[in-house]
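Each of the next two complexes has chain A plus one other chain: chain B in the first, chain C in the second.
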Partner chain A sequence: MHHDFLDRYSRLDSPIHRLPTALKLALALIFVFVTVALPLSVRDWFIGLTITLIGVVALSRIPWLFLLKRLLFLEPFVLGMAVLTLFQPNGVRVFATIFVRSTLCLLTMVLLSNTTPFSAILKVLRRVRVPALFITTLALMYRYLFVLVDEAERMHRARASRTFTRETSRVHLWHALGTVIGQLFVRSTERAERIYAAMCARGWR
Partner chain B sequence: MHIPDGFLDAKTAVASAVLSAVGVGMALRQARKTLPARRVPMLGLAAAFVFAAQMLNFPVAGGTSGHLIGATLVAVLLGPGAAVIALTAVLVVQCFLFNDGGLTALGANIFNMAIVATLVGYGVYRLVRRFVPGQRGLILAAAFAGWCSTVVAAISCAGQLAVSGTVPWSVSFPAMAGVHMLIGIGEGLITALVILAIVRLRADLLDDEAVAVAAMPVTAFVGFGLVAALGLALFVSPFACKWPDGLEKVAATLGFEHHAIEKPLLAAPIPDYALPGIGSAVVATALTGVIGTVVVFGLSLLLARVLIPHPTLESR
Partner chain C sequence: MKDETKTPALQVSNLQFRYPDGAEALCGVNLTIAVGECVGLIGPNGAGKSTLLLHLNGILPERLESASPVSVFGQSITAATLPMVRRDVGLLFQDPDDQLFCPTVFEDVAFGPQQFGLANERVAAVVREALAQVGLTGFENRSPHHLSRGEKRRVCLAGVLACQPRVLVLDEPSSDLDPRGKRELKALLHGIHATKIIATHDLELVVELCPRAIVLDHGKIVADGPTIELLNDEPLMLAHGLERPHILRHRHPH
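Up next, the complex of A and B:
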């Protein structure tokens, strides 16, 4: 697995990337809130918001194709829930409204996560007094997420390479998956114990 | 079940954000007081574990695939307080990094998937374990709790969508509850299988000692329960019975009621959500729910019997 599959372009160099994180975070927040709260009748606003976002994309030097792929990948999650709005009087309008809003917000968030390293966001969160225990949890999670995803994939591959039959029964598959996830938890626990020892050795607390 | 941006109105988003902040704050305070220092890295690792486990898909009927949600699993393994923190971290990272789930809906998503799912899962697990001891009880409790937590979280999500006026309750409730009654079966099954695997690999992780560390003092659990119950009362009860809409009342007293009206997010299509025949529909769905619950409990019992063939062996 590519270790940068989530925020691949967050460490590029561009005018947008160089902006202070707190500012970017605040702007993204304002942008999302305005998009969600504005009535759709003020169409000029929405056009303005869209043009601003496109400008940001151009300035940030993130490849268009990547953004498009990311949006297309995430859109089914929005659509899955948006379909529910169709079953009511005036449903098509509600659906269109929500679809436009969600897509704009989605683009904003994709831009935020691809112009700002997660560790920088954590620093801002620490400054606004988010409890230290939670920041530690987030930081450790971000650090070990890729390690564990890799580990899970390795275990999956190892099992696949030892299982010769192509058509394994579903019962077998489920059992195997349970074991893989269970093993993953055991390894996570053991890794957490090692990390704690390492943290203590480096003078944590 | 991740709600994207644009689906919730101001009052619902604010109310669920406040409730989640209170719930997660309580979990953090309790963890700071009672969690031993050596368990602190485990919170982050558990969050990363949930994220990694969610990437492993399992086949469901008809070529589709599902994945673990993990609230019940982590609550059983680490206790409810730690599970609330770990799952909140998962949702925050999913929102900021993966862009799954909206920023304005983050509070609602944390409420449904980190607080309600965890508490329901843990509560049902403890309750069933009290009545059915042994390894069979473990499997039965884990499977049933996994199903319950998924379904209740989905109902809470349906309530939020309906209170926001985005999706009428007569659509959101059957759709969300129905779909998640099926998804929940997978969740329960996989939760039970993972617990079984851990019992065989490192039974000490589920030992009484580990659980005693993880277990939560009754007062703290009552506090959590109140937060979850208050949220469910706000989001779900207006539809389940003829009580006055608590959230609307709060919004009115706080004064941002006319805010919500002046900017009709979606011009509430059904005034006061009173669809003709909704009463009987709700009764019918409730009845289906009860029958479904009984059936799933029976299935869990069967699963426990299949997976743990000789309950007498463990007493040896």
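Up next, the complex of A and C:
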């Protein structure tokens, strides 16, 4: 199954991939923070960053189409909220600001996660003394995201294989979706208990 | 059995356990396992095998009482002895995805030794050794979710072996392995000299690895004795959801 939807290209070999993880992480964080903090009137930063990111994409050999799809997938979460600003005076301007900022930030993070293996990022975080609890949570989240997706996929398949009609009724569809989400939640909590037991079995306290 | 003065590796006396939802899982289990034994724990689904195994290194019960019915190398499991017990008893879980919780194979195998406070160079050496033992040298930087089922299972085993346990407790180690995986697992387990308890439905594995078998059903031990003798007892096997394995049919006419 496609276990790599998050960071498919993180193990490529390119000048960008070979940069030290700490440097990439620091730069990404600076890019994001400055982009969020600066007003849009500081044109130079935004243009400069755009050019930099385009350069990074070219050097990293990550396919453009992949990045575009990833952005299209992520943008609605941010822009969905931003749409509301269109109804206020001067809304278009606010919307444009949010659009530019979110695109740049998302692209930065997508690039980071696709040029750096996640375990390497965690190692850097550990070195700069990020609290262990936080790192453990991140590590577990990354690890089990895939298991969870697999599980959802298996459930979806199992359901599809027993769906004999081309069910078009919305109610049915929503009902099925609700069941899947509920089941997923129950299975996840049970798995969490088993993982905790497995951690304890090897001396976790 | 022969050497009465030696303390047993595991002793369970009148172990009872009820799950919080009221389901009775174990009702009075008595069990003694000597150092170096390899014991097969068999029984139908829902007999309480996994529940019993979880008691052997103190995962269950969640709240320890002063006098635990389980003792490991003569030590009763208490809050004070728990860290030692967990080091002595290595537990292999049924689902590898539950057990492999780290982002890389190396980190996962290193988890146990790190918890026990080994120095970093020692940890690296132990991990290398454990991975070599299960035939996965070079897998250090792989992510668990990229591995095949059999490989995951072997990484789990390496993670347990890296803790250098004196007792190895395995829950369904051969389920969902292909025949080659099973063969390799058998050879691997055969080469490990710790005391072993293997819960499984794979009766051929029991015949090949375990001189002694224990049949558990409805939370009680219904039979305990030499494997060949028990598994040849067709009425007993059938009464408890098991069967006489084919290799015995061909081997022992009597």
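Heads up, the rule we're going with is that the second predicted complex is superposed on the first by the 156 of 205 C-alpha atoms of A that agree within 3 Å, B and C clash if a C-alpha of one lies under 4 Å from a C-alpha of the other, contacts with A are read in each partner's own complex, and residues count from 1 in each chain.
Everything that follows uses one rule, which is that contacts are C-beta pairs under 8 Å (C-beta built on N, C-alpha and C of every residue); 3 or more make two chains touch, one makes a residue touch a chain.
Note that this is a predicted model, so its numbers are computed, not measured.
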Partner chain in contact with A:Ala201 - chain B first, chain C second, else both or neither: second
Comparison of chain B and chain C by chain A residues contacted: B
Touched partner set for A:Trp64, first chain B, second chain C, both or neither: neither
First, second, both or neither for A:Phe118, with chain B first and chain C second: both
Touching partner for A:Arg191 - first (chain B), second (chain C), both, neither: both
Chain B versus chain C as contact partner of A:Val147, first or second or both or neither: both
On chain A, positions contacted by chain B and by chain C: 118, 139-140, 142-144, 147, 191, 195, 199, 205
In the complex, chain A residues that touch chain B: 6-7, 28-29, 32-33, 35-39, 70, 74, 77-78, 81-82, 84-85, 87-91, 94, 97-98, 101-102, 105-106, 109-110, 112-113, 118, 121, 131, 133-134, 136-145, 147-149, 151-153, 156, 170, 173-175, 177-186, 188-189, 191-193, 195-196, 199, 205
Sites on chain A touched by chain C in the complex: 3, 118-119, 122, 139-140, 142-144, 146-147, 191, 194-195, 197-205
Complex contacts: residues of chain B adjacent to chain A: 2-7, 10, 24-25, 28, 31-32, 37-49, 51-53, 55-56, 58-59, 68, 77, 85-86, 88-90, 92-93, 95-100, 102-104, 161, 166-168, 171-172, 175, 189-190, 192-198, 200-202, 205, 263-267, 269-270
Residue ranges of chain C in contact with chain A within the complex: 54, 57, 59, 83, 86-87, 90-91, 93, 95, 97-104, 107, 111-112, 115-116, 141, 143-146, 159-160, 163
